[in-house]
Amino acid sequence: MNAVLLIVIPLLAAFISIVSKKIAPYLLLVVGLFNIVLLFFLENGLVFIGGFDVAMNSDLLGISLLLDTYARMALWLINGLILVIFCLNFKSYKAFSSILLLAMAGLNGLLLTNDLFNFFVFLEISGIAAYLITSANKKPVSTFRYLVIGAIGSSLFLFGVVVLYAMYGTLNMIVMIQAIQASGNYAEVILPFTLMFIGLGVEAKLLPFNAWVKGVLGHSNTLTGPMIAGVYAAAMSFVLGRFITNLFVFEGSLLIVVTVLLALGILAGDVMAFSSTKTREILLFSSIAQASIVALLFVNGVIIWAVYLIIANALSKTVMFLVINKATKDVGSDESEALRGLFVNNKLVGLTFTLVTLSVMGLPLLAGFVIKLNFLTQLAGIGQIVLIAIILVASVIEGIYFVRLIVKLWYPGESEISVKYNYSFKAVFIVIALALLVFGTYSTPLTKLDNTIDTVMEVVNNG
Amino acid sequence: MIQYASIILFVIGIYGLFVSKNVIKMIVSLNIMEIGLNIFIISIGFVGGGAIAPIISSTQDLGLIFVDPLPQALVLTAIVIGVGTTALALAFAKTIYKTYNTFELDEMEESA
Amino acid sequence: MASVELLILFLVGAGVIAYILTRFNTFLGSIFTIFAVMFVFVSLAGYGFGMNMDTTVNILPGISFTETYLGFYFAIIIVFVYLMVSFFHPYYLSEYKYKNSYNLLFLLSLAGILGAFYTDNFLNLFFFFELIIWTTMFLIPQGKSKEAAVSYFGFSIAGSVAMLIGIFITYNVSGTFSIYQGLAALSGTNAIFVFVLFIIAAFAKLGSFPLHIWLPIAHGNAPHPFSPVLSGALVKLGAFIGVLALIRIAPATGLFTAMDLPIGQYVVAILGSMSIVFGTLMAIKEDDAKKLLAYSSMSHGGYILVAFSILNGIAFAGGFYHILAHALASAGAFMAIAAVARATGTTKMKELGGMIHKMPITYLAYLIAIISMAGIPPMGGFISKWLIFQAVIDKGMIFVGIAVFFGSVGSFLYVFRPLAALFLGQELTEYKKVKEAPLLMLIPTFILMGLNVYTGVFPGGILKFINNIIVELGYTGIEVSTYEINGTNGILNPALIGLIFAVGSGIAFLIFIVLKKSRKVELMDTYTAANFVHDEHLLHYAVDFYAPLERLYEKQSNWMTKFYTALAEKVRELGKLGKYLFMSKNISTTVFWIVAIIIFLLWGEVL
Amino acid sequence: MLSTKYTEKTKLTKDEIDRKWWEVGDYFRRNSLWLLMYCTGCCAVELPPSMTSAYDMERLGMGPMATPRQADILLVSGYLSLKTLRRLIYTYEQMSEPKYVIGLGSCPINGGIYHDSHAVINQLDQYIPVDVYVAGCMPNPESILNGFVDLMESIKNKTANSWKKYRDNNEWYKQNQKDALGEVIIHDEFHE
Amino acid sequence: MILNILIGIGIAFFGFVLQTSIAGINRKIVGRLQKRHGPRWYQEFIDIFKLLSKRSITHGWIFDFGVIMALGGIIATAMFMPLTNNFLAFENFDNFFIFVYLIAVGMLGMAMSASGSGNPWASIGVMRALTTMLAYEVPFLIVVLTIINLTGNSSLTEIMLYQQASGNNWFLIALPIGGLVGFIALMGMLGKKPFETYVAPAEIASGPMVEYGGKQLGMLFIMNEISAFIEVSLFVHLFLGGATNIFEFLIKYFVVYTLANLISSVNGRFKIDQVVKFFYKWPLIMAVTQAVIAIYFGWVI
């Protein structure tokens, strides 16, 4: 058993699926399940691919994969979500199964790889998969814009990687971290770090680099919405977290710029959502704000709760986009006025949507509250009162527009609308809402896991 | 020296993306940018005065100078990826043209 | 032994059961709700007065309780209001769209309230506050306006966010989330920051100027049985935070020697005064009976703030007593209006008239409630206002004095308006078939009437309990015996006043009954300068009741609404700007930002 | 020890008590007569002089009142058209008993100079009972005050019983009123 | 206790008789002022008893109940009123605020009853009465705030004693501006002429009283007399040093009421919004000035 299988099998399946379109969907199901099961049997640690023994053992040359608890959680989430989302869209978007396999391979690679260039490759693979997925929106210009911005981003990332390589002569992250720490000259790594941060920021929807989001998610459907806002956002946040906590050293003006950008992202995201009337726009802007919060937490070293926040967000956004996009498809408009009274005949869906939204807003009895309170506590512990204030002020705005949305969706306007959700949708909604509810009321497991993850990060830090 | 040239190329690509509104021109700019980047990668691997094949032998000859082979390998991959991206972009360009009958982004009326 | 934890769990469980029961039968579920709340009230009243509640926590993780007189006082008042209101549920719920969840959320919010007042941990306090906010937030849109919930939620959440920031500053300073240790550890600038933040929270919850705009919107549009809870119970959360800030934190700001009062407290008192004046003026102007009462809540919130900012025992006694008196009065008044609204379907005063002939008991309940609200003896409101006046006068706070006197006289004006326009006046034809509220709804009405009188006549016992709170807060209590209250500049004997009032009324009744019996005439048979008027609407004076007075401040009256509308509009514009800047269709914009950031970063460092 | 002998107590009946009180009341009533001035015609001009310094009505305890509910005297000063009569009757019926009516000038007595008008009634006491008529066109303030004193005298003599008359002969009065005014069919703001 | 209550009832009755007589005398004075003979001095009694003897109408139970409540509240208030510094029914309980607020019960009762009659003029009258009340109460209470702050006691007897103890340094003299405000406010309370907006017989048919006749009106007249007694007595006790014996009280009472009445008889009537504007301009400014001078600077003559 080898972590490489997590990447190779989906990739292989993707190739096979091109040959036979018929088995492709089933292949995806099998591979997804396989990956999830496989994760149970894999052990933590480094996996080397290629290279030769001496080099591997002494200098960590060659490509290696790193599987730790952090990556494992991310992988479970990603693979599981892809599987679920695909199951829900099994009938309508069958043709996308090979692309989803590709995306699975790329994202798994992103989360596992320990090699910077390899990372770039996976970034591009997953990026190409993402572009293809968004083509399901039937808005080619938006997709094209996504492609161009994504290409610029990955180019910048590659640029940064190459500069780092030129400076330290290695592409292995662990070695590079040690080298950077040994040199201690942070001023000269500002350029590569900036470039890499921007490159990742494009994919992770951080503020000034995310112009593509509106076009892509603003016209999303039940496949692309959850995939981009849920799966991709989560994966990129995880990756960003790994880079920020392990590799990047934010100091001086870089730290200021990054913090300002992220704080701006939080505020601007929520303010933009406040000014939107289209439901999908509200959701996408809110996810921008959430992504910025996550990044901000990583920058401030609040890791474990950021991880939970990513997971909670991915699950919540999946549900929200599924609900809204299905309704939009049936109604033909995503204006919140047009969707008035959506839940009148869909009480269960309404309930789950409400619970999930409350979790995103960080209200008690739901997981979002526990997470929010804990990361704020940790921020307070390191004296970041200003950041707390920013996050909380943004959360006020967020609360207002979400409540406005929920109330609108619960109470009918002049005309009744009918949207039917089938049982599989409902089942997913219920499971996710229940999960949020359970972890919101019984948060001990979350706090317990706290320590374990931190130790793994220690391992990474120490090489 | 060649590094400066490659960075200039990269900047030209960025500039092209900055000013052009035409789908095809953008793809071309993207390619220019990528080429600049690729040249930059190659250039950092070059070590002047090298005389030995870049193969690690069992004897550790530390004094020997050789051109770093890794960037060349990287660049190959980067080119491949670049080609893939370009192909995809062109495919989208085709779709765009089919839908809107134009390549000018300004002339399209897609609500985004 | 009643355990706080078990009560909370019981309420959550009861909520679920009520949900299921209501699903099958609205009436049954509501009756169950009554009993659930009653159980909580009885166990709280049974053990709480002697501080015998069990505060150990066995099941709930991360939550800890402690028992204070302060918390209990608030808790018992609010639970009582909940109990009274729950009697209304069986008759109202069937109209609501999501009636099943009504009882569930109602009980959940009560659980939150119990927790909030019994916890000793800031994070738990915040947890329960947020729980209360969102559970109640979903109750409000069941009423008239769906948007009311948004403004209620917005202001509430802004308040609790301010509180949370304050909590984290406290945590940063003291390293603990314990309420009492944390607040004690504050000093200097931090204390001022936390003070300001807590005061913002208190203002937002209490609906005080300048954060009052949600109050009429939420109260006026909430479901009829929920408005009493909002006004009588939930705004008191703000008073609780206010107490924490004004008395527990009490930062060392400069001192006004003339009044021997810290500047911070004085500023709060002045803001409270403004809240009194604004609330009064707006209430005088309002046409919707429920909104009118909402503005009156705002004005009474001002009294509470004024009371707690004057740092001495007598003012605190007044403040705490006012909380009780206003809870009872406002619950009574709102419930009377609710009963009318149930019968007629409207709360607009210009559409109503002569309800007294159909609903005399409801009318009496309203009358007694407003007498208390206006601070007229022999009702509870008088006692508290008397105590507050004493404190204000002794401190020589002239400008605050203007406000409290203005509010007190102004309250006659606004409470009289529903009385005249809604209950009295001509009997309108469209309400000929209206009947008195059913018996179950009259039970709480009678209880509230009785308590309003009781608090006005025998305040001794309650004030003795309040003395415990004042001592707990570190001040000396007031002198009070069974019948007499010793203020700093006078003695009050409410029981005597009640007795004398009875004697006076007796004499008047005697005069009345001795004289010849009057002939009963129709309401329409009235002096019209000998004009024949056949339409009772023409003889009913209900629109623009205080027109000459309203004219004086007509233009200024919507300033705050305009301000908040403009604020929301500005945020929206900011969002549009953000979209324009960052979410452009042009790829150039993104490229520009990337280049700009790189250049900015490299300017000083590398280049 | 209780006396077994039956002696009839000189117990006043309720009516007798009422009568005694009524006599006491008469004193107050005649010394405090409040007017409701129904100023329909020219005779009203004579009222201000009788109220102000020259004749000073207030020294008799009299004064003008705003509403029929408070007033004791309905002072009909001048001619009565049919439209006014309807309102006069309405007002009269709103007054609380005991109430008195004074007709000022010749118009209420016989129509005066309007005696042949189709729109003016000629004899007020056909429609409501009148206690005192003050003749003249117009009567001067002295005669007006004299009329008031006459009313006081008749109250003292228990002859000012017009209100009782109206109650006892209500049907007759009503019939007269109806004959003069006709039935009212439409009820709204503009019709009667 | 019973004795005290009886004394209280006696005071209320005394107040009624006193005020009714003085009002009658004042009617005569005003008559003379207008070169008239004027009514008999006991005319007011005759009026009231006449009203009580008449047969009245009622508009329903609230119409009667309000009247009873009004009269009852006012009688109760009057029972607390001290006549001199040692003659009062309930020692120590003559708190100033009792008068201000208990009197409001009476007002509320009357207002309620008037509105209950269903006559719009009554409601308009009540509206005007309440608006006027809003106008005059605040300046008056600010002056009283100053007085209580200075004396440290809100009991009327104590305030009287305070003034007498300092050599009859009445607050009218010690706080001249405040005294003036107090007198203006008293005019408002009594409904004397520049502020007589709510009766306005020619305009709104005597306002709240429009529907009353017979015994209800008589009871309201009694109530009116007693409340005038309370208001004037309050002024006497607060500003004129109270009284050590009953004759002093009578003289002061007579002077104050007559003065108010004389001023009233040469004045026209304000519009209702003019009343509010007036009271919130000059009297309030004066009251605040007086309070600041007296409390914060300690300048008391």
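Read from first to last, the chains carry the letters A, B, C, D and E; within each, the first residue is number 1.
Rule of thumb we're sticking to: a residue touches a chain if its C-beta (ideal position, glycine included) is under 8 Å from a C-beta of that chain, and two chains touch if they have at least 3 such contacts.
As the structure is a prediction and not an experimental result, all values here were calculated from the model.
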Any chain in contact with subunit B as well as subunit C: A
Shortest walk length in steps over touching chains, subunit A through to subunit C: 1
Interface with the most contact pairs, given as the two chains involved: C-E
Chain separated most widely from subunit A, comparing mean CA positions: D
Far-end chain from subunit E, centres as C-alpha averages: B
Identity of the most central chain, Cα criterion: C
Length of the line joining the C-alpha centres of subunit A and subunit B, rounded to whole Å: 27
Between subunit C and subunit E, centroid-to-centroid distance (C-alpha), Å: 35
Mean-CA-position distance for subunit E and subunit A (Å): 76
Inter-chain centre distance, subunit A versus subunit D - centres from mean C-alpha coordinates, in Å: 95
Subunit B residues counted as touching two or more neighbouring chains: 14, 17, 26, 105, 112
Where subunit C touches two or more other chains, by residue: 527, 585-587, 591
Overlap residues in subunit D, where contacts from two or more other chains coincide: 67-69
Inter-chain touch pairs (all): A-B, A-C, B-C, C-D, C-E, D-E
Contact set on subunit B toward subunit C in their complex: 14, 17-19, 21, 26, 105, 112
Touching residues (chain side subunit C, partner subunit B) in the complex: 585-588, 591-592, 595
Sites on subunit E touched by subunit C in the complex: 5, 8-9, 12, 52, 55-62, 64, 67-77, 79-80, 90, 92-93, 95-98, 101-102, 104-105, 107-108, 111-112, 115-121, 123-124, 126-128, 130-131, 133-134, 137-138, 141-142, 145, 148-149, 151-155, 205, 210-211, 214-216, 219, 222, 271-273, 276-277, 284, 288, 291-292, 295-296
Subunit B residues touching subunit A - in the complex, by the definition given at the top: 10, 14, 17, 23, 26, 30, 33-34, 37, 40-41, 44, 56, 70-71, 74, 77-78, 81, 84-85, 88-89, 92-93, 95-96, 99-100, 105, 108, 110, 112
Complex contacts: residues of subunit C adjacent to subunit E: 258, 354, 356-357, 360, 363, 367, 371, 374-377, 382, 385-386, 389-390, 392-394, 396, 398-399, 401-402, 405-406, 409-410, 412-413, 416, 419-421, 424-427, 487-493, 496-497, 499-501, 503-509, 511-512, 515-516, 518-521, 523-524, 526-529, 536, 539-541, 545-546, 548-549, 551-552
